[in-house]
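Report on the following structure.
Chain lettering (A, B, C, D, E, F, G and H) follows the sequence in which the chains are written, and residue indices restart at 1 in each chain.
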Amino acid sequence: MRKKLVSIVMGSDSDLRVMREAAEVLDRFGVEYEMDIVSAHRTPDKLFAFAKGAHERGIQVIIAGAGGAAHLPGMVASISPLPVIGVPIRSSHSLDGWDSVLSILQMPGGVPVATVALDGAKNAGILAAQILSVGDPALRDKIVAFKEDLRQQVLHRAADLQRGEGSP
Amino acid sequence: MRKKLVSIVMGSDSDLRVMREAAEVLDRFGVEYEMDIVSAHRTPDKLFAFAKGAHERGIQVIIAGAGGAAHLPGMVASISPLPVIGVPIRSSHSLDGWDSVLSILQMPGGVPVATVALDGAKNAGILAAQILSVGDPALRDKIVAFKEDLRQQVLHRAADLQRGEGSP
Amino acid sequence: MRKKLVSIVMGSDSDLRVMREAAEVLDRFGVEYEMDIVSAHRTPDKLFAFAKGAHERGIQVIIAGAGGAAHLPGMVASISPLPVIGVPIRSSHSLDGWDSVLSILQMPGGVPVATVALDGAKNAGILAAQILSVGDPALRDKIVAFKEDLRQQVLHRAADLQRGEGSP
Amino acid sequence: MRKKLVSIVMGSDSDLRVMREAAEVLDRFGVEYEMDIVSAHRTPDKLFAFAKGAHERGIQVIIAGAGGAAHLPGMVASISPLPVIGVPIRSSHSLDGWDSVLSILQMPGGVPVATVALDGAKNAGILAAQILSVGDPALRDKIVAFKEDLRQQVLHRAADLQRGEGSP
Amino acid sequence: MRKKLVSIVMGSDSDLRVMREAAEVLDRFGVEYEMDIVSAHRTPDKLFAFAKGAHERGIQVIIAGAGGAAHLPGMVASISPLPVIGVPIRSSHSLDGWDSVLSILQMPGGVPVATVALDGAKNAGILAAQILSVGDPALRDKIVAFKEDLRQQVLHRAADLQRGEGSP
Amino acid sequence: MRKKLVSIVMGSDSDLRVMREAAEVLDRFGVEYEMDIVSAHRTPDKLFAFAKGAHERGIQVIIAGAGGAAHLPGMVASISPLPVIGVPIRSSHSLDGWDSVLSILQMPGGVPVATVALDGAKNAGILAAQILSVGDPALRDKIVAFKEDLRQQVLHRAADLQRGEGSP
Amino acid sequence: MRKKLVSIVMGSDSDLRVMREAAEVLDRFGVEYEMDIVSAHRTPDKLFAFAKGAHERGIQVIIAGAGGAAHLPGMVASISPLPVIGVPIRSSHSLDGWDSVLSILQMPGGVPVATVALDGAKNAGILAAQILSVGDPALRDKIVAFKEDLRQQVLHRAADLQRGEGSP
Amino acid sequence: MRKKLVSIVMGSDSDLRVMREAAEVLDRFGVEYEMDIVSAHRTPDKLFAFAKGAHERGIQVIIAGAGGAAHLPGMVASISPLPVIGVPIRSSHSLDGWDSVLSILQMPGGVPVATVALDGAKNAGILAAQILSVGDPALRDKIVAFKEDLRQQVLHRAADLQRGEGSP
């Protein structure tokens, strides 16, 4: 079994619906990951233990998703020296997602969280792979190929549109 | 020396400009308090130690102020069983204060923060006194007197306006 | 019959859907409460009579919920010396809840309302219990236990996730 | 002395800076008015007495200005049968004026407040005159003349611009 | 047939769903009204003719509803000397109603629009009746009675809640 | 004297500070223009006459700037068949510019306004020139040259930065 | 076959639902157009090639629609000398459309995008026709007729309302 | 001379005021970087050349800052396989920074930008160092030391506050 390099954590099991997209994209890139529920507000001790120990276990990148007054990504970033990617989630108790975005993005100087779009767990996974590709040429190549795939998908759809252009 | 019942904490010394209004109002009510800087993002261990121990030291109410992605009030509330009053601060790195407000107010079910207005440290102090007045009739009387003072001030200003009404 | 310590009021019977969560959590903590509809805009006399008399009847904490231009919590706080917890409600006539939040939260200096999250009635109930626990060690213990329950629930769900991690 | 038909009230003497524009425009229309400070949050009894008695004293229109969680206009409207004009004020403790606007505008069905623009006290005075002009042809004529004046001012400025158009 | 005193206009027939509440409340007060579709953007000539002639036909108050970049209320107010009540409508092409609210509310000095809440046509009708009650004691009495009805409805619902309080 | 092809109108002479940038850029492109103050709210007749006649006088593009509840661009577009460019202005009575932007941008289906950025009068001038360049190769060439100038300016500044890069 | 004068591009095939309204209105005006999918983020090379070559192929106006962080319209405008009309789209990954609007509208000085309302593709088509009508009297006449049609539709609906006014 | 690993680019020289904080923090970590002005809207060719070639020159992380409709970070991310950190800048032509934030953050699925807080260039530099520390234990140690420094600074200020606590 290969070493887990990415840790995907989320504040609630209801966030799994969004966060599994990060896992799926890491599967595609062949990057090993772990996934766990760590609530900043309900399991603060677990948060501390997790954030303190992650880099010692060999984790290289942390992806943290949360909604509402979303403190998990920022608190992990305050404790761990690892790069932390934050995923704001438009959960049922959020104010249309604005609270999730602002409470993850607007970190004070000294403690960055690499924030992606609202519900942007897929992009969090890609960003984690991009980070790991620093010094991993094989993974870099996979990212280049992934971008080429994106391009081909759009070109195919554009071609579909052209064929059917008479009846938009 | 009487026992300190309220703990006023803030994320940065730049927050002192706002947070001292909480102290001033507690002075007026004769409520003993302590004041400290506890940064959720830069001193997470101190945050944990503070929040775990406050109620054991006899603190009854915590007032926590922070700006931007303001995690201090919510993290204190996640750890301590005490009532926590949150003061959103419009700090230099906040987005007109909206980030401060939303990241303190929008706590998930289970972990309340009693949020006051942006830069509303004075009201945080009054609220702390109101909370302590549960079971303290003398303090309740002081709150009733404080409200009467507010009333008199407005009435005096209204009287001033009436006297000068001819030339507004 | 034990004495009612908390009064839960709301501006409309349509708010009951949200506000009953405050009652349920107080039931859990064994705190006696009363519940009533008091509309700041349609029954102002009742509002005044209620807010003036509550502390004289032995009520210790007031929870007030309203939506739109939500004046109930603030007006109760202007009249009563008791701590007032405000619950902004995303009612059908609110502007996505922003009006509810701002018209409860942004009280002027001198008259605090302890505001919780949008539709956060459950947290209002917990906060009321926390306030009452000042000087009530048995209730404090229940709050500590409640927080432990929250923790256990998350840990159980995290364990569930681990068991099923192969197919997220 | 002629009868006062309009009552201009405001939550704080700091609102006078804005609210005096309502008085000035009523002076121009020759409409008698009274002006007072009535704080919903600090003088609730005065608010009630004022709002209950205004129409019995012959007042026909109420202009109420307030900032932040601005409850004065709505509470006056809840008590008085008179038309109430609300002026949201961008006061020092408001959140860029959004709280003032939303807490005045978003009244529930049954209790209207005729809201004007942020800091729009001048328009409140004009609107009061328009309301009084229902059944007062002389006042209606003054309003027609006022609108003609507005028109002439713009035409004069446009003529100035044309004369200097060569060097904008 | 009695004279029509209120004119209810709206920018589109799709606004009728909201605007008919203004008509219903005027029916209740026994106030005669006319209703028409006048689009500022699609029938500007009709807008001009309507706004220029309304007061000459005996109309005393205009209620204008529109959504999106809602120019109808403001343009009617720019042309007519009558008091104009604006109803912002959350139409299908509006940006959650914010555009409707701001483009009606934020009129420049000199040209007021009495703005009511988003989709607040009922309140527009009540406000029109309140305006007409200036100098019409019988209508004023109906408004007092209407407010009493509102009060009774809330009291009845509060009584219902009390009876069923055991199982909220 | 060559024919005026662009008409620059604004709601108030205070808008001239912003709108003159449109004139300056048209000067640079050698496009003749007229400039006038036309207030939708204070000179509605002039607005109508202007908008009805512009295309008959040979005007090909209209640039209209206004702030707050900004109705000028949309009303011109409702009357004139010409392309209308709207410039939202952050005037002293606007709500941080949001009202200006939304009341110009959010026009209903059928009546477009080509909206540029807040205070974006310079871009309005460029856009007018781009529109006129349809069928005017010489003007198209000037636009290509203008874009090349923009490019060169950035490249020069980048070169300056490189030279001084040692001490940023 | 006549020459294509308008190019309609969009960032994703999911935008076709909105963007086809631009095509439909151009069909009505008898303006030839092409339609393609060009993603700024997934096919940047195609974006460059498209934007560089459009005016050389005889395209006179470009309509570009995108949602979320919508860079397509602005990037096309940065490369092409043609007038570019931007359509903000409320796509599934947008933040209620605010991101789409702001990232298209707020272009820096020098590079305009003629922005229409959220999901306003129909207006983009009309605006394109208005731009092409500069120097095309026949197309100008069609636009005048289109506006007359809009007017007639409203008048018919107003007449319908009048007939059924008894039971709104 | 050591190899440059980070490229700091910005849309305008006026962004240098903010972006130099990224450079300063990289200086502190001993990370080599280059800095350049690359405008998405005024030098699109340079943008393409830069983004296509960066990883081939050995750059491992790109930091891109821009304001208003800020397309630079997203377009670099669309072209380059490297991790891209976006810095939203509250420039003079931005709408209080909201446009900058949303047009960088809300990237579509497939093309992430690691967004930091408004004007958060310092955090962008720290994040770049954290990314580079994946596989560079010496740099990881510097980050751990940096976090310890942050902690010590707060503890010193807290000690200062304690010493002067008598006169807050």
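To be clear about the criterion, contacts are C-beta pairs under 8 Å (C-beta built on N, C-alpha and C of every residue); 3 or more make two chains touch, one makes a residue touch a chain.
Quick caveat: nothing in here was measured; it's all calculated off a predicted structure.
Undergrad: Any chains in contact with both chain C and chain G?
TA: Expected: A, E.
Undergrad: What are the chains that chain E and chain H both touch?
TA: In this structure, the chains that contact chain H and also chain E are F, G.
Undergrad: Can you spot which option in G-H, B-C or B-H is basically D-F again, with over half of the contact pairs the same by residue number?
TA: The pair repeating the interface of D-F is B-H.
Undergrad: Roughly how far is chain E from chain G, centre to centre by C-alpha average, rounded to an integer in Å?
TA: A distance of 34 Å separates the two centres.
Undergrad: How many angstrom lie between the CA centroids of chain D and chain H, rounded to a whole number?
TA: Computed from C-alpha means, the inter-chain centre distance equals 49 Å.
Undergrad: If you average the CA atoms of chain B and of chain G, how far apart do the two points sit, in angstrom?
TA: Roughly 51 Å separates the two chain centres.
Undergrad: Which positions in chain C are in touch with at least two other chains?
TA: Correct list: 12, 42, 68-69, 93, 95-96, 98, 101, 105-111, 113, 117-118, 120, 147, 150.
Undergrad: What is the complete set of touching chain pairs?
TA: A-B, A-C, A-G, A-H, B-C, B-D, B-H, C-D, C-E, D-E, D-F, E-F, E-G, F-G, F-H, G-H
Undergrad: Write out the stretch or stretches of chain G touching chain F in their complex.
TA: 21, 55, 60-61, 81-83, 85, 101, 105-118, 120, 122-124, 126-127, 130-135, 140, 143-144, 146-147, 150
Undergrad: Going by the contact rule set out above, which residues of chain A touch chain G in the complex?
TA: On the chain A side, the touching residues are 96-98, 101, 117-120, 147, 150-151, 153-155, 157-158, 160-162, 165, 168.
Undergrad: Taking the touch rule as given, give the residues of chain F at its contact with chain E in the complex, in rising order.
TA: These residues of chain F touch chain E: 11-12, 40-42, 44, 48, 67-71, 74-75, 77-79, 93-95, 98-99, 102-111, 113.
Undergrad: Please name which positions on chain B make contact with chain H in the complex.
TA: Residues 12-13, 16, 20, 23-24, 34-39, 42-43, 45-46, 68-69, 93, 95-96.
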